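Several structures are given next for inspection.
Paired with chain B in one complex and with chain C in the other, chain A is shared by the two complexes that follow.
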Partner chain A sequence: MANRIPDLLLRSERAISDSQLQRAIDFATSRLRDHRAKIMPRMKGWEEMREQARELRLHTLAHLDEYLEALERKVMQRGGHVFWARDAGEATQYIIELASRRRVRDLVKTKSMVTEEIGLNKSLEQNGIHPVETDLGEYIVQLAGETPSHLIAPAFHKSKEQVAEIFSRHFGTSIPAEVKTIMGVARKELRGKFLAAPMGITGANFAVAETGTLVLVTNEGNGRLTSFLPPILVSILGMEKVVPRLADLELLLNLLVPSATGQRLTTYVSLLSPPRGPHETRGPQEFHLIILDNGRSSILGGPFADILTCLRCGACLNVCPVYQKIGGHSYGATYTGPMGAVLSPLLSELKNHDSLPHASTLCGACAEVCPVKIPFPDLLIGLRQSQVRQGKAPFGQSLVFSLWSWLWSHSRRYAFSARLARAFWPLLGNGRKFPVVSGWASGRDLPPPAPRTFRDLWHERNGRSRG
Partner chain B sequence: MSAMGEAVDRDQFIANVRSAVEAVSRRSHELASPVRRRDGGPAGEDRFLLFRDCLEFAGGQAHRAAGSEKLREILGQIIAGRNRLVAWGEDLPAGTRQVLSEFGVEWLPPLTLSPSNAEQGIPPSITEAQVGITGALLGVAETGSVVLASRPGENLLIASLSSIHVVLLGIDQLVVTLGDAFVRVPAMFPEGLPGNVAFISGPSRSADIEQSLAIGAHGPMEVHVIVISS
Partner chain C sequence: MIHLPSGQNKARAEKVSLFVTCLVDLLFPEVGLAATRVLERLGVAVDFPPGQTCCGQPAYNSGFHRDAARVARHFIEVFENSGAIVAPSGSCACMVKEYYPKLFAGDPVWEGKARALSHRVFEFSQFLVDRLGVRDLGARYPGKVAYHDSCHLLRGLGVREQPRQLLRGVADLELVTLERSEQCCGFGGSFAVKLGSISEAIADEKIAHLERCGATTLTACDMGCLMHLRGRLSRRNKSIRTVHLAQILAGSNGVDRGETHG
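Let's turn to the complex of A and B:
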């Protein structure tokens, strides 16, 4: 999908004029904000914890090679396989080959942004393998043939009537628009899939280097069924998600969950150290961990490495005034909202996401809620700067800014520009008809220039001398 | 088996990461010791009250049974005449098996359980259970969680697949913080963590349709934890 500024604007305009979508975004983001606000009084020492988590995540990134190799050793000691995938193609190829070797046709899958990132479902389908999404929101999105619109509420853009319609079409019977009924249908259908699937695919919220343990954080219970019932388990780990020690999970879970859903802890937190051990009668007998780079190593060690500390809680999306207007799909990328505006353009060089750092007002609300204190306005401004340095800024924009800085970097020229503005004000449609930046100006009210400038008044008061 | 994972080019992968992190000073961010509150928190009955409050916040229910009579009464209310009951016989607090038997639960493991018959699929006594009863390794007061491990695994199946999950826990099995649990659990398994350690906090839920909270997505619709004096 092309993602230049005009494309972003076009999708955003469409989203803004869709009143059902506007209501849905409003409703979902305000709910999630409320939930977070309600749990905060229970979370003592929050600011201190954010600071500690930021240090822990930055430390981990600074030693990422060591922690990843430790993780590999632990997983292999237990009899798991580790595959290092440099990009999306290598990761999907590995899974497809494994599935065909094991003659897997149908498999179950948990919600995972990293599988969205590598386009796993599409590649599997093209090779005759059918993945079933088992998270209710993702299942809805999959049946509708769409992509998720929020990190933790992937289907919030659908009303229950729309969901009922999608289900009715899929199951060939009329299903009423009641949440309970719809859930019951999904539960029954997916229960059968869990019990029959020869392979489960999951992402991972964290991976503990010390013990070789993956951490899955879910509410519905699909994660633990996907990772426990099928005989083969494949987990894909964005390589930045490694954690040094088991004991570090307390801090990270205490930040992640309240920020994401406003719960104290999600219903299920599964610590997975597959495959099953000698004293165990259940759990996968074969385990493959895929460690994914896909552009992360080029962010690491650079000026934007902070974005790799992200826990994917979604809090920054819920407070972002831009996200609240345009929703997830307008970004045209896997990762959306403030974290996506930084991560998406850095991750994939192939798809051009240069417009995304501009989808922000730089208000800083995201940095305020972020549980790992990612310095958002700095990163967004830095990305815009680097675009200008690389000559990626549109010609008109560069011209305007060069003219502007030339004009205003000297007091005489500044004074001249003020006189000019006053003289031509009526011609500029009272500040609404600017050449070149008409799009920008049409949504804003520029105050008319004062009849007399501050400098004029100053000189008048203090005599005409120009000392 | 080789000591290294597979890759189109594993060493290239690691080298990429290494050269990236070597560009920054590794010393700039020290690894602090894991952050834990060590004040112990509330003890005894107060710890139970914290647990109850937090489990209720998560949508589950905590009960306190100081003796067999009370346990019988609470179980009677939860079971409420249902007859497809299954229980995992290990890890239960002392003296509770007798009471459970009075309700006619089907006991797992049957004497013949072995890894080979586990391969025959999941018994209908589990997939069709209305009420599934298990013990747990620990309860975590500040999150309202119970912790179960796949030793051997049937207990986790019961916890995942039955409609109502009932956990029996001794009051001395309650710890205060998640951090306490992350220290206690590995200490119980010096030979390494079991394949699956599950923290369960209340009933399964989803808010994926119009953000309205609905209970019972893929797991139990009710979770009861009965805390027993030993």
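Let's turn to the complex of A and C:
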């Protein structure tokens, strides 16, 4: 699936004309927005917290090597294994080899964007290993053969009728479109999987360098079961998600959860220190932590490093006017919405996502809600600028802007261009045939140039004394 | 007794240079005339530096920063010796105020000039309320009016209440609450052309909100947003009028005398 502007536009138009999808996006994003808005008055000192968190995250990135090495030491001291994966291929290969060595056929998984990023499920399936997603939304998406459409609400694009249909097909029995029944079916099915699986795979919301603690934030408790029941646990950590001290979690969780769901705290916040210790009777006996780079280190220290402070709360998606119209899948990338429009083109995914920084009106609503104050409009403009610098902008556009800046950096040339536009306007089909604005005129009327410009009227009114 | 707009004494001593913006100059001169009338009625001496063209934002937002800087340098030269600069656009004011210093960051000559200019730029409603202390301009505009917060004005310049305060001072005007007034209208400059159908879908949502609040007129402080929404409204044969805040404030008999497009 290519991701040039016309491809993006095509997918978007399909999403815009899908009325079921429009209702679903509207319902989900407005609910998440409302929940967030409702809790905000209770979050005293929110602005200071955002500032602190931003500083903490930038500090962590500046010392990322030290914190990651500290984390590695802690995990290894406990008897865990640490693998540094340079890219998606290395990470998936490690897991596949491990699973083969341990003769794992079925495994359980928590919802994790980083596993989506590296295409883990597909690679596993290709090697005869069957992962089962255990977050309800992610489970639905998996059964439907799709990808998640939102960072924290992966299946919101599906109606309960569609989910019932997917479940009925999968289980070979008619399941009614009732939320309770659907949940009951999923719970029963997944409980069995949890108990039987020899391996669990999780992502990680955070990992604490000081203690080697892994943090999972969920509302369904599936993170706890996945990380606790199977004898082998593999956790994949995006390398930017390390946190210096255990005490830092307070600040970050206080920002992440209200921003994501509008809750004060999620139902489950699991702090894990696998593997099982010598005097512990439960928990995984074997633990592998995969620290994933996959393009992150090339973002570090550069002009776009701020995006690595992202906590994946999804608040920017819910307020984005573009996301609210086109939904997640239209982006054609793992990460969507404003954070995805910045991150996806920067990560070493195989696809070129240069169209995504243009999928924004630069309205700034994202930066306003971001719990770590990522300056999204600046980053989006910066990405557009770097495309221009690398000669990736369409030639016609470069030409138009060169000509434009030559004309409009001089008052006489500017006035000349205005006269020219007015003279040629009727020949251009009143704007409809004018190449720069034809994208405009297909759905909106274009105002004609005024018969007399403001400066003409001004001079008429005030005399030409200064003109 | 003749009703004198408040803040007029303060205004007597003011001199401003109008940065009318390219959009207003070329497409909507009536907005510039309305802004001038409002300011002059308050006793402000208005000057129009004739060399002005555009702030350069289209190129800046599209990533063509060399071209944006070329136009921005021209802007700085034209307005370098001006006092307060007033623009009937939150977006263009924000470009000069917030983005020029970024555009010229590290430039030994132009960064300083950009920063000096940055402090003197005001958006029209911001200037009236914050600088002149005006609330009531003695204007009259019968009808239900909805106000749309344009993004750069609201989030770039932090102007939220000023336009509403001015609208509340207008006789016969009923300011209705527009649902999600702070949501972008979908214009976004080149976005509206590059990704036109998404831009239209966002506009349609704004129009749905407008229709729900029963407004007969939509106003804002940016002709970019209004041009986009007006174009969509008229394409969809909707009768809601779109006028710039300055046009409402300039009208004294309910008729916006300057308006030519509708």
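Definition applied: the second predicted complex is superposed on the first by the 447 of 467 C-alpha atoms of A that agree within 3 Å, B and C clash if a C-alpha of one lies under 4 Å from a C-alpha of the other, contacts with A are read in each partner's own complex, and residues count from 1 in each chain.
Basically, a contact is a pair of C-beta atoms (placed from the backbone, for glycine too) under 8 Å apart; a residue touches a chain by one contact, two chains touch by 3 or more.
Note that this is a predicted model, so its numbers are computed, not measured.
*Asks:* Looking at A:280 after the superposition, I want to know if it touches chain B, chain C, both of them or none. Which is it: first, second, both, neither?
*Replies:* first
*Asks:* On the A-aligned overlay, A:381 touches which partner chain: chain B = first, chain C = second, or both, or neither?
*Replies:* In the superposition, A:381 touches chain C alone.
*Asks:* Thinking of the overlay built on chain A, is A:82 touched by chain B (first), by chain C (second), by both, or by neither?
*Replies:* first
*Asks:* Of the partners chain B and chain C, which touch A:8 in the superposed model: first, second, both, neither?
*Replies:* A:8 sits against chain C, while chain B stays out of touch.
*Asks:* Is A:318 in contact with chain B, with chain C, with both, or with neither (first, second, both, neither)?
*Replies:* neither
*Asks:* First (chain B), second (chain C), both or neither: which does A:401 touch?
*Replies:* After superposing on A, A:401 lies in contact with chain C but is clear of chain B.
*Asks:* Residues of chain A touched: more by chain B or chain C?
*Replies:* Of chain B and chain C, B contacts more residues of chain A.
*Asks:* Taking the complex as given, what residues does chain A use to touch chain B?
*Replies:* 24, 27-28, 31-32, 49, 52, 55-56, 58-59, 61-65, 68-69, 72-73, 75-76, 78, 81-86, 90, 134-137, 140, 153-156, 158-160, 163, 179-180, 182-183, 186-187, 190-191, 194-195, 211, 213, 219-222, 224-225, 227-229, 239, 244-251, 253-254, 261, 263-277, 279-284, 289, 291, 293, 297-298, 300-302, 305
*Asks:* Mind pulling up the chain B residues that touch chain A in the complex?
*Replies:* 1, 3-10, 12-14, 16-26, 28-32, 34-36, 54, 57-58, 113-115, 118, 122, 127, 142-145, 150-154, 156-157, 160, 177-179, 182-183, 186, 192-212, 214, 216-219
*Asks:* Can you name the residues of chain C that touch chain A in the complex?
*Replies:* 20, 22, 24-29, 32-33, 36, 47-48, 50-54, 56, 58-68, 70-71, 73-74, 78, 102, 151-152, 155-156, 182-184, 186-189, 191-203, 205, 227-228, 230-232, 234-235, 260-261
*Asks:* Please give the residue numbers of chain A that touch chain C in the complex, ascending.
*Replies:* 5, 8-9, 12-13, 16, 321-322, 324-326, 358-365, 367-368, 378, 381-388, 393, 397-398, 401-402, 404-406, 408-411, 414, 418, 421, 436-437, 439-440, 442-450, 452-459, 462, 466-467
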